[in-house]
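Scroll down for the structure; my scribbles are underneath it.
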Amino acid sequence: MELLIFLILFPLLIAGLLAVIQAEHVRRAVVISGAVLVGIASLVALAFSVTSQAVFYSVPVNNIGILVFIGDILISGYIIFVSLKARQYVVTGITVIQLILLCAVEYLALTNHAHIPELFSDQLSGIMSAIIGVIGGLICVYALGYMREYHAEHPDRPDTRPRFFGIMFLFLSAMFGIIFSNNLLWLFFFWEITTLCSYLLIRYPNTDEAIKNAFRALLFNLIGGACIPIAFLVILLTGESELIGLHELVSAGPGLALIPAGLIAVAGLAKSAQFPFSSWLVGAMVAPTPVSALLHSSTMVKAGVYIIARFAPVFEGELIGILIALIGGITFLAASAIAISQSNAKKVLAYSTIANLGLIVACCGVGTAEGLWAAILLIIFHAIAKSLLFLSVGTVEHQIHSRNIEDMSGLVTKMPRITMMILIGIAGMFLAPFGMLISKWASLHAFVESVPPFGILLVIIIAYGSGITAFFWAKWMGKLIAVGEPQQKDESHIPGSEKSILYILSALTIVVCFGFPVISWYLIEPWLLTMYQSVTELISLSNIEIMFMMLFLVLIMPFSLARFTRSATRVPRYLCGIPESETMVFTGSCGIKREIELSNYYLDTIFCEKRISRISVGIGIFLIVLILNIIIVGGGL
Amino acid sequence: MKQPEQKIETITVSDLIHQVHVYHDDGYRLVQISCAQEGDAFELTYTFDRDLILSHLRIPADQKTSIPSISRIYLASFVYENEIADLFGIPFSGIAVDYKGTFIRTSVPHPFGTPQITTLKKKQEDQHE
Amino acid sequence: MNPFLAAALFIILAPVVGVLITGLDRILTARMQGRVGPPVLQPWYDIRKLFQKKQVAVWGAQSFFIFCYLIFIIFTGALFFAGGDILLVIFAFTLGHVFLVLGAYVSYSPYAHIGAERELIQLMAVEPMIIIVAIGLYQVNDSFLVGDMINHPGLPILLLPGVFLGFIYILTFKLRKSPFDLATSHHAHQELVKGSTTEFSGFTLGMIELAHIYELVVMLGFIWLFFGNNLFLSAVAIVVIMVLEILVDNCTSRVRWQDAITSAWFVTLVAGAGNIFALSIM
Amino acid sequence: MALTVLKNLVKGPATIRYPYQPAKVTPVTRGHLVVNINNCIFCGLCRAHCPADAIEVSKPDRTWKLHQFQCVICGCCVSYCPKDCLSIEQTYLPPSPAATIVTVTGPDEPEKNEGQEEGINKKL
Amino acid sequence: MSYLQKSPWIIHYDASSCNGCDIEVLACLTPLYDVERFGILNTGNPKHADIFVITGGVNEINREVVKNIYEQMPHPKVVVAVGICACSGGVFKECYNISGGVATVIPVDVYVPGCAARPESIIDGIVQALKILEQKRIALKTTVEGTA
Amino acid sequence: MSKQIIVPFGPQHPVLPEPIHLDLVLEDERVVEAIPSIGYVHRGLEKLVEKRDYKDYVFISERICGICSFIHGATYCQAVEQVMGLEIPRRAEFLRAIWSEYSRMHSHLLWLGCFADAMGYENLFMNCWKVREKILDVLERTTGGRVIQGVNRVGGVSRDMDAAEFRRIETEIPGLRADYTELTRIFDEDLTVQTRTKGVGMLSKDMAWELGAVGPVIRGSGHAVDARMTGYGAYDELDFKPVVRTEGDCHARCLVRAGELFTSLDLIENAIDRIPKGDILIPVKGNPSGEYYAQTEQPRGEVIHYVKANGKKNLVRHRVRTPTLANVPPLVHMLAGCELADVPVIVLTIDPCIGCMER
């Protein structure tokens, strides 16, 4: 399967190219053509995965394992270097530990050499690759226009765009690496690259805050990452060296795989920003918006849930799985609750990402076929809708010069198209016929039947969480469409590339909503069938019909809008009888002219960010320690 | 039933703040400030109460010199002072909550401060359209 | 019954039933206050009158969202009575409500805005319990289909007493009755004037009233599910609970939203969640 | 509270079903002002003391005019009338789409008093 | 029979009255008079109301308020002026701040006399207003059809 | 970016029976700033003294407010009588006291109802107003007017009550007392009422004094300030004890008013027992000259009628300092930091009567 190699190496090539190209229009051409090629290739990979069973592929290069090892050392070396320079000694320490562990692993692996195919691809890889390729590519293209404006707005920050785009593509390359790796050592290598890339991207603005947050991201991901070499040690020490292959490990069943899987899942938890690790993702918001979009929708965090999803069958019915699911559940609830108290659009998106990942982790943690089905759908829907939201918020940010939701009031008159797309994105995140809700429906179905009392616990968590999510999304929607005074329509400043990317993503959101049964039939269910021997009917035809009915209703409704806007006579809004002296202004007490200002509720007395995160970090640490304990005890036994 | 005579102590404007302080420190409650017009002159009366006995302080006033507000001593005085400022046109200085003439908005400025009621009444011509 | 027939019957009959129930509700309320009260068909007159008024609005889009609200509430009800998946019913219900809230937001008017926020708080307060009702019913019936639930031979309420209690608790929110009529109420005397419906008038307001009536029928339909196929008992329960709600409406003042949401969540947790948790262990 | 509510329910409504049942009136209720024009000497005292300026009296025309929608039925004029020809009746004036003014023309010679009903001119 | 007449919703505003008439308007809602018998509801919101029950003589700053409320009411609508103050200004007619009757600001359809107007009169007034409401509706319909 | 909501509250607001305006600045629903603005009922009637005969002016002073109209009339008369040095018949003073107490009860019941309504307790509103109708019946029966009584005259009152009437009143009192007990119980014990009123709108004892609160507001904060204790009119012969509570929150103020309903009944019984026989009105000759501050207790607290005359039939100045005006500063103080839902409760808790306040 040379396609896999292509997908890994081609972005690398582009990355190298971009790093040296200085001229803007050349960069533009390279980025666009690179993104298009990567996108097409990833779709081809998807198409292949539909028809075929899992394919395995050994790289026909000798001693490539050593190369990977050297790569690991280089990465660690770089991290040690920067962390020492920035006096982040904790980071240094963990990297050193990791390095030592890795050397031990390498020593064992060399002495106990097993030949396994390094790369493989199945339906899940296909889906993931399509997400990375298409959405990642779109984000890269979007970044072209965005970064230009970004530097125009921040002349004080160093313009290192060549490096920026280089890292973006490097990131994509590493992501492809993760999803196509069968050899876990390879996977770890790519894993570390993504950690490093995210660090570099987050510190891009080069402000103090950015650097601080970048190191936080590095630290948390390294802590998680350190679990992976331990897992390798466990695998190798038990003596089954071919289990270092992902596919082999998973099919070995819970007996052998549970402990390594648990350890790797902890790394996944860190990467997917679950409590107690979540704060890095929120901190990552300092980076330019395309970076956030990339980290949040298709890469980085998705690597975390991808790896947990991979091991999901191992977790079915196991205590570790349940604990992981609980971490996910708690994260879902707490992050949603915190999102209520945020007015910064990107922070809301960040917390909602964390929350959704929590849901995915919870689905994976219970490990049933149904749960996994829901998880994969969630991954798909989330990637598309979130990237749409991030990118459109980025666009809005450049037009209104604020990320604050309060400032987006009445956006619908100023930028109707962009607002429409944000609305589609938001609807995609929580409203009924759209993506996430289908998945929520599925996850409820999944939880209610799994591992008796705990499944219900998760159901209860979702029950509360879904109310909370509705609150913060709906209030945002409300803000967008609340029109105080119609503003001049003005969308002309938006770069065409940005606009077209947004169109594509909104179209994708809707297409995927319509197309999810197809995805389910042709991709997810076959994959599940290989993982679980029998798979019951996951969603009945009648329910799909109902969802389609709703979708149609929602989509045709706007056509009646014109009728309503025509038929009514305008009257001033009700201000207790006080006339508006001009639109939105009334004369209040003391003769002061007051402008009507209506902000949303943030309920921060109840949903206080600090308190909730403190509590849930506490619970998270407790659960993680519990998991590690079980692993140690289990390993010792 | 005949009630006892009410004594009113007349003081100068400059004594006002001091005297009010004395009342305040003696634990009096501010009951009201009233204003009345005598020819061209105005008089302000501050009424205090302790143990159900009213005491009155009176100062002369006119529409030009501003009277120091006692709202730093008795916050509640701001309502009376604003009212008098609006109805009589007597300026006050340093009102804690100054409405600047919007406390009671009237159709004629300072209706009580003008000798004659100016009835700005239009005849009820076009009642119904 | 044929699901399409059932849905059609719902669409036609629900207003009739709903109007009668609200009419009786208003009379009973009046009697509890020592008044005579309006004629039974008063809600019907009100709606018809609203449809006769001239249309005014701050922005025309308001009515559009309310139209969506009405459509989705009807859709919800139709889905419910056609025996569909109860989770989908709930989600459609939520969708409908979000449209109502959006409609209230559009006008950018202070009272409507606060009403909308309160409406969302209410949504947040009741959502957990409603989902738990669905889960509880699933545990008993082993199916998410309303169609299966109404054929349950036993009395699910016996297994779901806590869920039932919790549901009745949040029913007060849903029926917009005191003490939880936070966002809008049938009486004008509240701090939000008319809350989320402040900026609606005429036809639009008529649609809201109609939607409320549909909603009432759906909510009462939920009570039915607790009694399986025992039609008689469920009818009795619906009457009893309605009277109870009216009594509570008349015996309480409106509470603050903080109290409303915390109490709703607490009841949900203790009665609802506790109940289904216990069931899952059993 | 529940008790009170139920008591109300049992006791039945306290409502006077007004248009179908007669309104409450007491013998001293102040409803509206009437004049016995036969005794009136058009002295104008009632006009002078009316706080609402509702009365107009013209001695030369021998008219006594009452702006019915301006009279606050205080009874002040009644106590001033030297001839006791004013009195207050218990019934209320009906609402009307326009303000009414009652003009009563006194008889040149003592004569039958019917002016009241006929004298109602609709203003506007 | 029009449904308008069966479900008149009122809005009440106190435009500088002495309260005497206001409390009588409120008293109409209470058990003893209970105007809900006629389907009358006090909406408190001009956008929902059909009948504007206004008391008091409308002072300077209330003029704008009254106009604003009247404007926000959807057609067809009627105005009922309750109390002598609202009819003509009554005892306050000569006050500098009173414009003298509601009719100086918005067109009035029914005057209810009395100081304070008794609840019974108010009920009578509203019942009279209903007829006018119905006429207005018909007039409105014909003009709309005429223009269409 | 501030997360503020700016809401105009009033003048036309269904929870306010009368027009007053507040600029509310909210964060979520917490009030961070509340500035009142008044003037929506300002008619300028004090200016009418310059046009009307001081005797006819009684009818205008009654119409300062339709709720506390009787006491306004009585206080005005009292002020003029003091200026003129008139000794009015004792029976008239007793009658004034009886009617004053009736009008107090009617005002308090009205308030209790509106207060219940502000909390969204419709049924209680209805119940209070149902009881209130009984008081109005008595007032109408004895004076001829439900809300504007019109019996005060300079020099006495214009209507008497006969023994039969007194007996009738006495037989009605136990029924009223039972009604009051029932209402008081609800206001005192109902759980939802408690959550809405307890601890809401705190006004400490010192603050109440400092801000010049009067009436139930100050009595709810622990000061026994009640003009009836000065023994004006017939009150020196009646056994009057003020109702005082110390909590200083809305609940306390509510219970003070509820308690005063009973006091009023006691006073009425008292007065009926002790009323002397005699005239009710003395003829008044001449014009007043001088000035006087008449202080009486209105339902909402102490009212001051200031009368200044210079021997003409028109007075020079009449000024009314109404309790509501005095209670505005405490109101502003209480509103700071409350919840939006509490705004109506707190605003009503001072029993604002804008008609009085602005005249």
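Order of writing sets the labels: A, B, C, D, E and F. Residues in every chain begin at 1.
Here is the rule we use: contacts are C-beta pairs under 8 Å (C-beta built on N, C-alpha and C of every residue); 3 or more make two chains touch, one makes a residue touch a chain.
Because the structure is predicted, anything quoted here is derived from the model rather than measured.
Annotation of subunit B and subunit F: jointly contacted by A, E, touch as defined at the top. Taking each chain's centre as the mean of its C-alpha atoms, the one that lies farthest from the centre of subunit E is A. The largest tally of C-beta contacts between two chains is found for A-C. Most remote from subunit B, judged by the distance between CA-atom centroids, is A. Annotation: 29 Å between the Cα-based centres of subunit D and subunit F. With centres taken as mean Cα positions, subunit F sits 43 Å from subunit C. Subunit B and subunit D have centres, each the mean of its CA atoms, that are 40 Å apart. The mean-CA centres of subunit A and subunit C are about 36 angstrom from one another, to the nearest whole unit.
Within subunit B, the positions touching two or more other chains are listed as 99, 102, 105-106, 111, 117, 127-128. Counting partner chains per residue, subunit D shows two or more touched chains at residues 1, 5, 8, 13-15, 17, 24, 51, 72, 74. Listed for subunit A are residues 571-572, 574-578, 589-590, 596, 598, 600-601, 603, each touching two or more other chains. Contacting chain pairs (ordered by label): A-B, A-C, A-E, A-F, B-E, B-F, C-D, C-E, C-F, D-E, D-F, E-F.
Contact residues of subunit B toward subunit A in the complex are 98-102. Chain contact summary for the complex, subunit F toward subunit D: residues 52-53, 55-57, 59-60, 63, 123-124, 127, 130, 133, 137, 140-145, 148, 150, 158-159, 182, 186, 190.
Residue ranges of subunit B in contact with subunit F, taken from their complex: 1-3, 6, 27, 29-32, 34-38, 45, 47, 52, 54, 56, 74-76, 78-80, 83, 97, 99, 102-106, 111-112, 117.
Interface of subunit A with subunit B (complex): residues 589-591.
Of all the residues in subunit F, the ones that touch subunit C in their complex are 5-8, 13-15, 29, 116-127, 130, 190-193, 195-196, 339-344.
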